[in-house]
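Pasting the structures here.
Paired with subunit B in one complex and with subunit C in the other, subunit A is shared by the two complexes that follow.
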Partner chain A sequence: MSAILFILFAGLAIGCAVAVVAQRNPLYSAISLIGVFVALAAIYVTLAAPFIAAVQVIVYAGAIMVLVIFVIMLLNVEQEERRRKRLGFLVPVAIGMAAILIAETAFIIYSVQVSGAKPPGPTSDVGLTHSIGVNLFTTYLLPFEVTSILLLMAIVGAMSLARQGKLLSATARVVPGAQVLAMDIARPHGEEDLTAVEADTTAESAHLMGVEFQSDPEERE
Partner chain B sequence: MEPQLSWYLALSAVLFTIGAAGVIIKRNAIAMFMCIELMLNAVNLTFVAFSSFFQDVSGQLFVFIVMTVAAAEAAVGLGIIIAIFRNRESLDVDEASILKM
Partner chain C sequence: MDLSNPYIHAALIIVAITIAFLTIMLVVAATVLGERRVLAFIQGRVGPNRVGYFGVLQPFADFIKTMMKEDLVPDQSTRFVFLLAPMIAVVTAIMAIIVYPFGPAVTLPFLGTFPLVIAQFDVALLYVLGVTSVGVYGIALAGWSSNNKYSLLGGLRSAAQMISYELALGLSLIGVVLLAGTLNLYEIVEQQSGWYGSQWNIIYQPLGFILYLIAAIAETNRVPFDLPEAETELVAGFHTEYSSIKFLLFFNAEYINMITVSMLATTLFLGGWNVPFAEYLFGRGTLLFAFVCVIGFFAKIIFFLFLYIWLRGTLPRFRFDQLMDFGWKFLLPVALLNIVLTATVLFVKGSWGG
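For the complex of A and B:
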C-alpha cells in the first residue's frame, strides 16, 4: 500500500519537476513547481513527518510561490523566445554533469541498501510537532536564533534592494529628535533636488508635505 | 512491500539532478530561481527520509532551517531580480553578465 503511494507521489513529483524545466512560460513553471511541493508534502506524510509536511505546504507552496508568482505577474515576463543557440555547448555539459550526479548518488544509494535501516513504525513520535518543538528550543536553540538574524538581514536587504528613489545627500544633518525628509518625499513633483529638508516636529513635516495634521486625534470627529 | 530508504534517496537524486540541469539550461532568472528551490526540496527530502528511518529528529530540524533560508533567499533573490529588470528591461541572465548597473 505505502509502496503504491510512494510510486504515485514520486511519479507526480518527477513529472512536475520535468515540467518546471521544460516549460517556456515561467508562470507554467511556477505552477508545476507547486505540484512538486505538494507531492513532496504527501511523501513527508508517508514518512511520518506531519509537521514538516504542513510547513512545506504553508511556507513553500503558500508563501514562497505566491511571492514568485507575484513577481512574475508584476514584471509581466513574456514567454522565453526561442533564440539562436549562443551557448549551445552548455546543454551537453548539463547532461554530463547530471550523469555524474546520478552516478555518485547511485553509489550512495547502493551503500545504504546494504546497511538495511528499518522503515518508520506507526508508534514513532519523531516527526510530531511536540518533539520538533522540544528539540528546537533546547538542543538547537542557537541555530534557531541565528535563523532569526538571517531573516532580519533578508528584510533589510530586500528593502534596500527594492528601494526606488534617491538616498539622502551626504550633507544631510540629522540630529536627535529631528525628522529628515528627502526632497522627493516633501515635494513629489519637485525638481531633482538631493538636499534633504528637516523638520523638528510632526506638524512641521506635515506642513512641508502639504497634508492636514491634527495633533489631537479626538478633534477629528 | 514497504518503500526502502534507497527509494527516497533515488527520488531525491532525480529531483536534484533535474534542478541542477535546469539551472544550467534556463536563461530566465526567475526560472533559474525556481530550479534552485527544486534542488533545496530534493535535499529536504533526503533529510526527512534519513530522520524518519533512523528515528532522529535532527534531520527534520535541519529541514526547518533550510526552509527559513529558502524564504530569506526568495525575498532577497526576487528583490535582486526586480532590480535587474528595472535596469535592463529583461530577465535574460546572459544580458546581465556584467555586475554593473
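For the complex of A and C:
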C-alpha cells in the first residue's frame, strides 16, 4: 500500500519537477512547482511526518507560491520564446553538477542500506507536533533562535532595500496593481480621496500629476 | 464487524465521506435558498417561493437550469488552466470537511463504538489552514486564464486579500491552540464539553473569536470583503468568463467555504457538537445524545451562515486600500496582542498553580 502511494507521489513530484524546467510559460512552471510541493507533502505524510507535511503545504504551496503567481500575473510575463542556447559553456558544468548529485544520492542510499536502519513506521511519534515542539524549544533552542533572527534580518533588509533612494515617500501608498496612489502628495490638505496614476515611482507620479514632489514628508508640514 | 480490518475500515471511511459530502451539498442548497429568502426579507421583497413549498426546490431548479447552459470557453483563454481553476476551487473547499467532528462517539449495533469524525489526526487544524491556503489558486488562476481584464483584476485582488487575511486568520486561532495544547480538532471539542457550555472557548477567547470571524469572512470573499467579485467594478470578477458547470463549481466552492469556515468557528470557539444540558438529560454515549449533538452542531453552523447572509444584506463593500489597511494595521496587531495576552495569562496561571 505504502509502496503504491510512494510510487504515485514520487512520480508526480518528478513529473512536475521536470515540467518546472521544461515549460516555457512561467506560470505553468509555477503551477508545476506547486504540484511538486503538494506531492512532497504527501510523501512526508507516508513517512510519519504530518507536521512537516502541513507546514510544507501552508508555507510553500499556500504562501510563497501564491506570491510568485501573484507577481507573474501582475507583471503579465509573456511566454518565453524558444531561442538559441545562450550560455552554452555552462552545459558541461551542469552535467558535472548532475553527476555529483546522482553520486551523492547513490552514496546515501548505499550507506542507509549498509547501516541497516529502518524507516520510521506510521506509528512513530518523531514527526508529531508535540515532539517537534519539545525538541525545538529544548535541545535545538539556539539554532531555532538564530534562524529566527536571520529571518528578521532578512525582513528588515528587504524593507531597507525597498526604501533605498526614497523611491516612495512615507505618505505614498502602494496597492497591488502597478499603481502608486499618491494622495497626500497631490493635495496635502485636500479631502481623503485617492488619485491614481500609473507610474513606477512617486517622483514620476508627481510629475505626471503636475505637482511639486518633496521626498521628505516632514518638509511639507 | 471487525473495524481493525483495513478493507472494512476503508469502506466505512468511503461511506462516511459520501454521507458528509451529500450532507454538505444539501446544506449548500439550503444556504442558497436561505440567502435569497433572507435577503428578500431584509430588502422587503418576497423572494423565490414558486418551486415547491416555500421555494424549497428552487436551488435544484437553478442547478438544472445552469447545467443546461452552454459551456463557453473564451477564444484567447489558457484552456487547461481555465478548466483546472474551478476544480481546484471546489476540491480544496470540500477537502477540509474530513477533519471536523460532527458528533460524539456513538455505539451502533454490528459496528461498535466510533466517533462521528472521518479522520482524526495530529495536525488537523494545520491541515485545514493548509487546504484553505491552497484554495486561493482556484480564484487567482481563473482570473489569469480567462484573458479578461476584469477577471485578472478580480484574481489579483483575491490573491492579495487572501494572503493578507490568512495571517490574521491563523494568528487568531493560536490563542485556542495555546489553551487546548493540541491541534487535534476532536480533542479540542472534547475539552470543551460540559453541562452548561461554560467550557466553550469563546468565553476565554472572545477577542480571538471576533478576529477569526472577520478574517474568515474575508477569506471566503463575502460581503463586505467581496472585492474579487465586486459587481459594480469588475462585472463579476474572477468568474466573469465562466458559465454552465464551471460557474456552478465556483458558486459551490464559495458556499462550501462558508460552511467549512463556520464549522471551524463552531469547533474551536462554540464547543463543536456540545449542547448545554444534553449530557445531563440523555446521558453520555447514548444514541439520542449523539443525535441531539449532531443537531446542535448544525444549528450552530446555521447560525453562522445566517450571520453571513445578514451581513451581506446590511454592510457596504470596503474600498481596496481600506481592506489592506484593516487587515495589516488592525487585525494583525490585535491578533498578536491576543496571543501575547493568552500566553501571559497561561504562564502566570501555570506558575501560580504549581
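To be clear about the criterion, the second predicted complex is superposed on the first by the 156 of 221 C-alpha atoms of A that agree within 3 Å, B and C clash if a C-alpha of one lies under 4 Å from a C-alpha of the other, contacts with A are read in each partner's own complex, and residues count from 1 in each chain.
One rule holds for everything that comes next: a residue touches a chain if its C-beta (ideal position, glycine included) is under 8 Å from a C-beta of that chain, and two chains touch if they have at least 3 such contacts.
Owing to the predicted nature of the structure, the values given are computational and were not obtained by experimental measurement.
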item: Simultaneous placement of subunit C and subunit B on subunit A, clash or fit; value: fit
item: Touched partner set for A:Met73, first subunit B, second subunit C, both or neither; value: second
item: Touching partner for A:Ile31 - first (subunit B), second (subunit C), both, neither; value: second
item: Touching partner for A:Ala54 - first (subunit B), second (subunit C), both, neither; value: second
item: Touched partner set for A:Ala63, first subunit B, second subunit C, both or neither; value: both
item: Partner chain(s) touched by A:Leu141 [first = subunit B, second = subunit C, both, neither]; value: neither
item: Contact breadth on subunit A, by residue count: subunit C or subunit B; value: B
item: Contacts of A:Val126 with subunit B and subunit C, given as first, second, both or neither; value: first
item: Closest Cα approach, subunit C to subunit B, once both complexes are overlaid on chain A (Å); value: 14
item: Where subunit A meets both subunit C and subunit B, residue numbers; value: 51, 55, 63, 67, 74
item: List of subunit C residues in touch with subunit A within their complex; value: 6, 78, 81, 84, 121-123, 126-127, 129-134, 136-137, 140-141, 143-144, 152-153, 155-157, 159-160, 162-163, 166, 183, 320-321, 324
item: Subunit A residues touching subunit C - in the complex, by the definition given at the top; value: 1, 27-28, 31, 34, 38, 41, 50-51, 53-55, 57-58, 61-63, 66-67, 69-70, 73-74, 128-130, 173, 175-177, 181, 194
item: Contact set on subunit B toward subunit A in their complex; value: 1-22, 24-28, 30-31, 33-35, 37-38, 41, 44-45, 48-49, 51-58, 60-61, 63-65, 67-76, 78-83, 85-86, 91, 94
item: Subunit B contact footprint on subunit A (complex, rising order); value: 2-3, 6, 10, 13-14, 17-18, 20-21, 26, 29-30, 33, 36-37, 40, 43-44, 46-49, 51-52, 55-56, 59-60, 63-64, 67-68, 71-72, 74-75, 77, 80, 86-87, 90-91, 93-95, 97-98, 101-102, 105-106, 108-110, 112-113, 117-120, 124, 126-127, 131-132, 135-136, 139-140, 143-144, 147, 150-151, 153-155, 157-158, 161-162, 164
